[in-house]
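Chain lettering (A, B and C) follows the sequence in which the chains are written, and residue indices restart at 1 in each chain.
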Amino acid sequence: MSSATEVASEPPTRARSPEPRTRRRRNPGARTGLLFMAPFAILFIVVFVIPIVVAIRSAFFAQVPRNEGLFGGGGVVEQFVGLDNFITAASGTAFWRGMGRVVLYAGIQIPIMIGLALVLALLLDSFLVRRVGFFRLSYFLPYAIPGVIAAMMWLYLYTPSLSPFLPWLPDWVDLMTPGTILFSMANMTTWTYTGYNMLIFLAALQAIPHDLYEAARIDGASGFKIATRIKIPSVRGAALLAVLLSIIGTIQLFNEPVILETVNPWMGKDYTPMMMAYNTMTGTISPSGSGPANAISILMAIIAGVLAVVYASLQRRRD
Amino acid sequence: MTPVTRTKRAALLATVGFLSLGLASCGDSSTEADAPSESDPVTITYTHRLPDGEGMTTVQEQVDEWNAANPGIQVEPTKFDGEAAEMSVRLETDINAGNGPCLAQMGYAEVPEAYVKGLLADVTEEAAAYEEDFSEGARGLMQVGDATVGLPQDIGPLVYYYNETEFENLGIEVPTNLDEFRAAAETAAADGKNIAAFMPDEGQYWLSAQAAAAGDTWFSTNGDAWVVNANGDGAQNVASLWQDLLDNDEVLVQQRWGDGFTQALTDGTLIGHVGAAWEAGFLLDDLDGTEAEGQWRVAQLPDYGNGVMSGPDGGSGVAVMDGCENPEAALEFLDWLNTSGDFLASQGLVPAADIEVETPEKMTRQFGGQDVMGELAVATENLNPDFPYAPGFSSLVTMSEEASNVAAGDAQVTDIFETAQTTAVATLENLGLPVSE
Amino acid sequence: MSSIVEAAEKPIRRQIKSVEDQPPRSIAPSPVSRVVTTVVLTLVTLYFLLPVIWLIVASTKSNSDLASTFGFWFADMNLGTNYESLMSWTQGLFWRWVGNSLFYSLTAGVVGTLISTMAGYAVAKFVFPGRRTMLAATMAGLLMPIALLTIPLYTVFNAVGATNTVWSIIIPSCVSPFGVFLGVVYAQTSVPDEVLEAARIDGAGEARIFFTIVLRLLTPAMVTMFLFIFVATWNNFLLPLMMISSPELKPVTLGLYGMISYFAPDKGAVMLGALLGVVPLVILFFTLQRYWRSGLTAGAVKG
């Protein structure tokens, strides 16, 4: 964890300093920092920390019938089961198969999406096109369509007999087979989140100090060179953040497979680890209940955390 | 009904452990029931997930009528906007926090599991007053062992829908047994039509209901243990029917809730459908204004080899929740609600109560003047009387997963019932309940 | 972040050498690259907008036309019927729900952006005890699937009797760990220490520095954060599904979800509802346009 956060928060130093860098001459005060942090910190504790603690605690408990009999006495008690919930999840193949799918998915989809988002941001942040506002909105619009609605839409667009696209493609194209379904999901995610990531980059590009460009321009650097030599290195912090967020989001991949599973029941209720966790919570996957469900989500969180740290430290080494 | 202290002896007695619990709860409720009086109206909270759609009498409107006539018992309905599984999570959270609703809608197959989780109140005594409003079979759906936990609301026996005009054109009759069904499917398929759809996403309820129609009993008890028999003779009959149709390419293979089904229905490829009674409320909506409007009819299922019977495909009741302070008043309202035939019919439901229901105007039009409700009532009477669910039935969604493999040609229909058997046993064991192998 | 500046400066020096033997280029891009870029961006636009166009067309259709007519062209105009159906399915509360969504999203967006920016600025520019712990905790907060935290969160709100209130939506929605990280990254790049030092030397208080200088410098970043929080709040239905029971308090996405979770949804009407819900967002987006300007024309810091 620490290296991931370190990257996102390198110790504060001057952004542009002609002289050799020095430590800040005076610390404006821990108190001020704490005060600025406080509103978020308090709400964060209510909205995240307490529920997470509750969830972690419950992962060590399971519901057992409170009595014998066919219906267990018509009630359950929470029983401490130690690591049983974790062992059950981690020793089954379903969890790891799901994890394998999302990791494969992450390896392919994230580079494409982040790359596309970066290219779009750079093009929009150049003098090359007019009507930047129109393009920016049209790339972001998919993110604004509620997921439940986008779901209905994609089912129409992917169903062979209904799709307005598929008739134009060769006959063997079937977007909903075990071999192609990951691609179909990747397309949905890319469609939804590219604009979102593009906005992250655009905001970072706006933060680039203006005079960096001046020097380059005077020296006759082309727009392309400004992009590759100044802009891309300058948005590295934002890119790292975007990739980390995408890794975490992909490990939690949920909406897309749930939507496709409604017409492809062969995928099962445990196609991704997040589906497995959710359907365990709702009682559709056995053993059910919040204990087993939270154990799965904690395993997911650990794996996502490890992947994020690995990625962040690889990036750091490259720098 | 807070945790009841138990002795070892009580536990031993309780091969039917819920009995003692039931007694305890009865004690509680009778003292509580004394509390309300005319001057101090009781409030009954009621959570449902009925559609409340266009042109329907909404739950709120129906409840308003009750509230106006019964100042002593005021009902507050809440519509839950999510899926059934999400509602049970919400109910469990609320009841554990001590502020659950008094009444909640619940699918019949979910009732035993909710009972095991301690979410339901035992209202056997209070419900006895309403016995004659419901047939024994219907009442059984809201019973867990010997305990009654609520009153049934709507019912979903399997029936057979078909396009009469197309059948006449093809010269086929409504099949009354499986051989006729096969023959009719072959004749229709020769003309590019299908008299039924195989629907993987409905694998769980649709196939288990057919096994029930074929005379199977999936869950029974042997002393104090569950006996699961999901691949008996009936299941084999059902499997062989669909396997033949699939092998001969004489059946439409589509997800029931996918858009391909709607398409096959509207373009006239699909001219028959084995479906639940509650589908009558909307199945033909997409044919309104087309030339097929008014051509469809509803009939009983063919004989699956054990006489003309039907099986339960969905439907739900309203259960009294644990912690409800006035179960007596709640049931009084509930009985009124569940016997309000016109209201239920307007919501597209087939009432479970023993009442005459007039076929709504929309259905009359869509089914060419047929007495749809009358025909569905026959199916209700034909329900397999011995098909209770066991706790954990919701995990049999693995049947749908396997059915999807069948549709892709990677498995046999019998595998679906094998899956049902293994899943059901594993789930009962995971719930910590006794299973006899 | 200093490494970024170094990295940015190094190549320029290298480049100065490399361009010496080339004729100086014109600063303005050539017409060819303009046309090529426009074509490329337009093609990408098609990728993003075609499904939206499909959605617009679909919202004018009946269920049977949806299943039987070409997706990108209109069939029988069913818009009026769909609108009536939408109103009827939502018991006439549709516009009220849109209003609720606007209220929740705007409030959560404004409050969330402000507290995330403050927190990000604090981490980027101050050294205080617990700074690293807080960041690590925030990161960990992103790791747990939010869907599974909704139930414990509901329990917490239930314990204080705050379920089924506007707070049960607004408070969770305005806590955005991701917003804090964005705040950190942007505050590091676009708030120079010199500016802060100068203001302090002039005797400005910390609150004043933040509200008059820092917020102005961070405007483009805050607009982005605001949009993210706004849209996430608008589209979240699991939180209100658990928290809200009164029809008067429901947000529009929950209402639409309620229409879909029924067996035979009127899909045209649902899609119409979704599109009508997106309209306020499009208006908002255009209103916020002026805060984003091309990086070449407006540096965040006037050199």
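Remarks
What we mean here is this: a contact is a pair of C-beta atoms (placed from the backbone, for glycine too) under 8 Å apart; a residue touches a chain by one contact, two chains touch by 3 or more.
These numbers were taken from a predicted model, which means no experiment stands behind them.
Among the chains in view, A has its Cα centre nearest the centre of the complete protein Cα set. When the C-beta contacts at B-C and at A-C are tallied, the pair with the greater total is A-C. Between the CA-based centres of subunit A and subunit B the separation comes to 39 Å, rounded to the whole angstrom.
Distance between subunit B and subunit C, defined via averaged C-alpha coordinates, is recorded as 42 Å. One finds 15 Å separating the Cα centroids of subunit A and subunit C. In subunit C, 66-67, 151, 155, 237, 257 are the positions where the chain touches two or more neighbouring chains simultaneously. Touching two or more other chains at once are residues 86, 89, 257, 259, 263 of subunit B. Contact of a single residue of subunit A with at least two other chains is seen at positions 156, 162, 281. Residues 63-76, 155-156, 159, 161-162, 262-269, 279, 281-288 of subunit A touch subunit B in their complex.
Against subunit C, in their complex, subunit B makes its touches with residues 47, 49, 51-55, 58, 60, 78-83, 86, 89-90, 93-94, 97, 99, 257, 259, 262-263, 266-267, 279, 281-283, 285-288, 290. Residues 3, 6, 11-12, 14-18, 21-22, 85-86, 88-89, 112-113, 115-118, 120, 122, 144-145, 147, 200-201, 203, 221, 224-226, 255, 257-260, 263, 391-392, 394-395, 397-398, 400-401, 403-405, 408, 423, 426-427, 430-434 of subunit B touch subunit A in their complex. Against subunit B, in their complex, subunit C makes its touches with residues 62-64, 66-68, 84-85, 88-89, 91, 151, 154-155, 158-159, 237, 241-242, 245-247, 250, 254-255, 257-258, 261-264, 266.
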